[in-house]
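Pasting the structures in now, so scroll down.
Next, two complexes with subunit A in common: one pairs it with subunit B, the other with subunit C.
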Partner chain A sequence: MSLFVQSLVLGVLLGGLYALLAAGLTLYFGVMRVVMIAHSAFLILAAYLAWVFTRETGLDPLLSMVGTVPLFFVVGVAIQRLLMARLRPATLTMMSVLLTFSIALVIEGMLGWLFTGTQRRVRLPYGGADFEAAGANVAVVKLIAFVLAALSLLALYLLLTRTRFGQALRATIQHPEAARLVGIDTDRTAGYGFGIGLATAAIGGTALALDSTIYPSLHWHWIGPLMAIIVVGGLGSIPGAAIAAMILGIGQALLQIPLNTTWAQTIFYVALFVTLMVRPQGFFGGRLAQRF
Partner chain B sequence: MPSASDRTRGSGLTTALKIVGILALAAAVLSFPSFAANPFILSVGVVIMSYAVLATGWNFVGGFTGYMSLGHAAYSGLGGYATALLIIESGINPWLALVLGALLTAVIAVPVGIASLRVRGASFVIVSIAFVLILQLVFQSWGEFTGGSNGLRVPRPFGPDVLRPEQHERFFYLHAAVLAIALLTWWLIDRSRFGIGLKAIREDEDKAQALGIPTFNYKLVAFVVSAFFTAVGGGLYALWFGFLDPIFQFSILIGSYMVLMSLLGGIRSLFGPMLGALVVGYSVEFFKNEYGDTQFHLVATGLLLGLVVLFMPDGVLPALAALLRRFRPQESSIREVTQAELAEQRNSDPITQGAKR
Partner chain C sequence: MTVPNGLRITALAAASCLALTACISGDDQGTDAEGGDDTIRIGISLPLTGDFAEPGKGVQQGYEAWAAYTNENGGLLGRDVELTILDDQSNADRVAADYERLINEDGVDLVFGPFSTRLVIPAAQVAQDYGFLFVEPAGAAPEVFSQGFDNLFYAAPAVADDHYNHLADAIEAMPAAERPQTAAYAAMDDPFAMGTAYGLKARLEAMGVTTVADEVYPPNTTDFSSIAATIASSDADIMVGGSQYQDAVNLILALQQLDYQPRMAAFSTAPTNPEFPEAIGEKTEGILSPTGYTPEADYPSNQEFVEFYTEEYGTAPGEDQANAWTTGQVVAAAVEAVGCADPEPDCQQQLIDWLHENEVETVVGPLSWDADGRPEGAHLIQQYVDGQIRIVLPEDAAEAELIVEKPAW
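== the complex of A and B ==
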């Protein structure tokens, strides 16, 4: 029983991080119909930046977010305005995949080149700390990562629902032409949407650096599950992505009891396959997802 | 060389030139082993031919339908493993195992295709990457059957009296034969009604559907044919190389090489992927030799892919043709390549004359 509770808690903590990252990934799809393969590469890049920051300054890796979040936002806007906007609309979906894929390769190659393939880990004074809660053992770093992800998701939710910019962004996602007609600068809004998506990768990467070992090719282990999550949740739907992330994260953690870690990860791919067979537009997706 | 510029002329002279060109190409390929200075050069030649087979296999789905699969390494890897495991487990003839392995891979590709092709591009790409990642996981952890992370030794198809250079030479010709069959199949599909349907899907899937093309079935058939040829390429490589490791077989990088080669050469042309394989394959081998194990080849691959996507998404051959066309009288059509292709189809295939407005 305690093993079950333990796995459940771990699953919720992991699901939170998945939810934040999948929200970013589905946001790109929403604003530009782009599958951003490089999302997880930026995630690992942010983790490396946090690691370098801690190694050089000795400060807490969380502080590196002060620099990485704005930086990633700007990079995201630049990627949208300078690269994605140049692609032909007719072949945008396919070509943008290839373009972001090439960005991912460049990031992975650069990380491997600069820091070698050695596994890295941030050393933290509270790295080994944990506490008991409801019969489960919770590592402090995992809790910090979860809280960080939850707060960012909440901020994203408030930004999208309560602000004028959020309204403009959602209008751009729902119907770009109509959004232009009511006076929204959809190009600029899409650029900012991309920036926000990449900023989630910066936050997620810092959270990841707290409690995992990182290495350059790690991003392939993240992009598969994240892409599966956004398809299950319905492409372009942020609540869908968050719900699917939570369910699949918990599912993965629970499956680790009877199976080993590797086989438990296949739950994402099984869910992806089943979703496409049964309900190709995803379980929470709207009209948008049906066409892709 | 069937570039767009000489299609529009379509006279007997160009046909003769094409035949001469193809014969010259075949002669150049077949005489390569006798020119190769040493066994290493010959082995690089085999690798490039292997890439050419894989890229041409990829182009059955990428070129005709415009659906870019980044995970075609799944099918080359499955072809390799299926061939090796069939030989090891049942002891059948290696060449029979190669064909059976490729057929088995094609069968596996059917449900994957059904799942990924029901909706449009984005899901297809996601499934293509996810499938190669899942296969890597499975083949690494299923140790007792696939050899797991330790890899799998593939039995040699030729006896121990056949030495290395001789092996390389034989496999070079085998790859050339498979490549020729793949190219011939591509060419036949290109000229068929089926091929026209596929190209209509690439240009505008909604309109193709409205014209009564069974888009889903067409895409699925193209996908399975593509998986079959890719698997043959993978199986042949496994027999030549003699060792399989899930990290390298089910690698995203191999899949991206296939895309890069085809895209660089031109996905709309018959010989595009082969040309791309020559350029990319040679560069990859060169990089490996010069810079060894550094991660720099990832950066180079990424940059090259990005540049191709941004600046010549139609490939080198069409880009050169377009450059030549600049010095000719202007054509009125906006979609020049497409129109030229349509015009050619109209000339060559009387059935569709009515169908195209």
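== the complex of A and C ==
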């Protein structure tokens, strides 16, 4: 019983992190029909920046977000305006895979060149700390990552539903032509949308760095599950991605009890296949995805 | 400007082909120009990128240090040695192709082995096909020695299954009531890492220690929380990790997060890494690890090795560097004794035969092998005592006393 509760708690914490990491990915697709393979490479880049920050200054890695979040936003806008916008609309989705794949390789290569392939870990005084709640041990670092994810998702939700920019962004997602007709500058909106997506990578990467070793090629390990999450959740739907992330995260943690680590990982791909067979537009959102 | 898509793709393909051809032919000229009769050329493929990049680079440093040292001291048979090192990206297909190329195209005189079992087996197969002597620094799993290779020699004191033998002996020597009653195992899905953990598992089960958790995880695992949850809920007395490096660090932190306190904890490889105490934040006291090498060992050639290496690289050598150096020593001993170093099957066979019949003095002690290339020794057991990693077993080599009850981490 206690193992079940413990795994459930771990699953919720893991699901929260997945939700944040997948939110940005689904946002790019929603805004621009872009499949952003490099999203997880930017996560790892942010994790490395947090690690370097802590190594050089001795301060908490969370403080590195003061710099990395705005930086990633600007880089995101720049990538959208300078690279993505130049792809032909007719082949945008396909070509964005190639383009972002190359960006991912550039980031991986650069990290390998600068920091070598050695596994790094941010050393934290509270790295092994925990407290007990409801019969389960909750690791402090995992809770921080979860809270960070929850706050960012809440902020993203409020931004999208309560601000004029959010309305413009959602209008751009739903129907770009109509949005242009009512006077929205969809190009600029899409650029900012891309920037916000990349800013979530900065937060997600920092959260990741708190409780995991990092190495340049780690991003390949993440992109598969994240892609599966956004398809299950419905491409372009942020609440859908969050719900799918939570369900799959908990599912993965619970499946490890009867199965082993190797097989528990397959839940993402099983869910992906089932979704494509039964409900290709995704389970929770995704009116959008029907058009593709 | 509009250019038909087909034309663009054709142009791109043509340009790529040209670029590729340029690279390949550039490469060929490079190798042809080097090496005459006055050098002995040694071909090696190592995982310099990918899963095994970290230990792969350690092995590379060991090989390069050995070559530099040998050349400074008159070379082999009076000839300089020259290493050709390729990167196999930790990929088993590439490593076979690499050795094929080294032997066939580059025409090297000798080959040294790559890092780790998964790469050693395909590489040894190629060497076997060409009749080459194959001494390797890091393939210690049982599979390596059950393939029927007669050209293979493992240049380290013991095979994976025997790494924990001294620890198993020490536990067996305890009064039955004081022995751990339950054990939890977590091993990377890797022949070497699993071999170490399951070698100890077999011994412990034979003396009646109950297995309460037995987890295997893929090499790329970074989230160990669920494995840790299973182990923590089993509350085993002894925790045995068949680990490489980052997996042990992540697993230990995940176990600490769940407040699991085993009476004994042993992990292969990781604790001997100098970065280990840095990574897990000095909660290392009492952690056990088998090691095939320590710079403090007083074997005759070891002191020279440590001095030379420290001067060259600024730090003392680790196990990977030592095993690479040992590989060099073993091959050099055979070459000097037989008096030849060329790719001819005759010469290679003489080298192989010589090693089957003789003992070689190395930095990890005197080595001799059985017919399948298994070294006939056991690993030292080290433990973190007062914040330092010290040899605790066997007793005649011990630098510190074994801590039986591990302090809380």
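Throughout what follows, the second predicted complex is superposed on the first by the 291 of 292 C-alpha atoms of A that agree within 3 Å, B and C clash if a C-alpha of one lies under 4 Å from a C-alpha of the other, contacts with A are read in each partner's own complex, and residues count from 1 in each chain.
Following the convention adopted for this analysis, a residue touches a chain if its C-beta (ideal position, glycine included) is under 8 Å from a C-beta of that chain, and two chains touch if they have at least 3 such contacts.
The structure presented is a predicted model; accordingly, all values stated were derived computationally and were not measured.
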State whether subunit B or subunit C is in contact with more residues of subunit A in the superposed arrangement.
B
Considering only the touch criterion stated at the top, classify A:S2 as touching first (subunit B), second (subunit C), both, or neither.
second
Please indicate which partner A:A202 is in contact with in the superposed arrangement: first for subunit B, second for subunit C, both, or neither.
neither
Tell me the contact category for A:A228 with respect to subunit B and subunit C: first, second, both or neither.
first
Scan A:I267 for contacts with subunit B and subunit C and give back first, second, both or neither.
neither
Thinking of the overlay built on chain A, is A:D211 touched by subunit B (first), by subunit C (second), by both, or by neither?
second
After lining up the shared chain so the two structures overlap, which partner does A:E108 touch, if you call subunit B first and subunit C second: first, second, both or neither?
first
Tell me the contact category for A:V69 with respect to subunit B and subunit C: first, second, both or neither.
neither
Contacts of A:A129 with subunit B and subunit C, given as first, second, both or neither:
second
Touch test for A:N137: subunit B only (first), subunit C only (second), both, or neither?
second
With the touch criterion stated at the top, can you tell me which subunit A residues are shared between the subunit B interface and the subunit C interface?
112, 117, 221, 260, 262, 265
Residues of subunit A touching subunit B in the complex:
29, 33, 35, 37, 83, 86-88, 91, 93-95, 97-99, 101-106, 108-113, 117, 216, 220-221, 223-224, 227-228, 231, 235, 260, 262-263, 265-266, 268-269, 272-273, 276-277, 280-281, 290-292
Taking the complex as given, what residues does subunit B use to touch subunit A?
66-68, 70, 114-116, 118-123, 125-127, 129-131, 133-134, 137-138, 140-141, 252-253, 256, 259, 263, 294-306, 309-310, 313
Okay, in this complex, where on subunit A does subunit C touch?
2-3, 6-7, 10, 13-14, 112, 116-119, 121, 123-125, 127-130, 132, 137, 139-142, 211-213, 215, 217-218, 221, 252-253, 256-257, 260-262, 264-265
Which stretch or stretches of subunit C touch subunit A in the complex?
49-50, 53-54, 57, 189, 215-218, 220-223, 225-227, 229-230, 232-233, 245-246, 249-250, 253-254, 256-259, 278-281, 283, 409
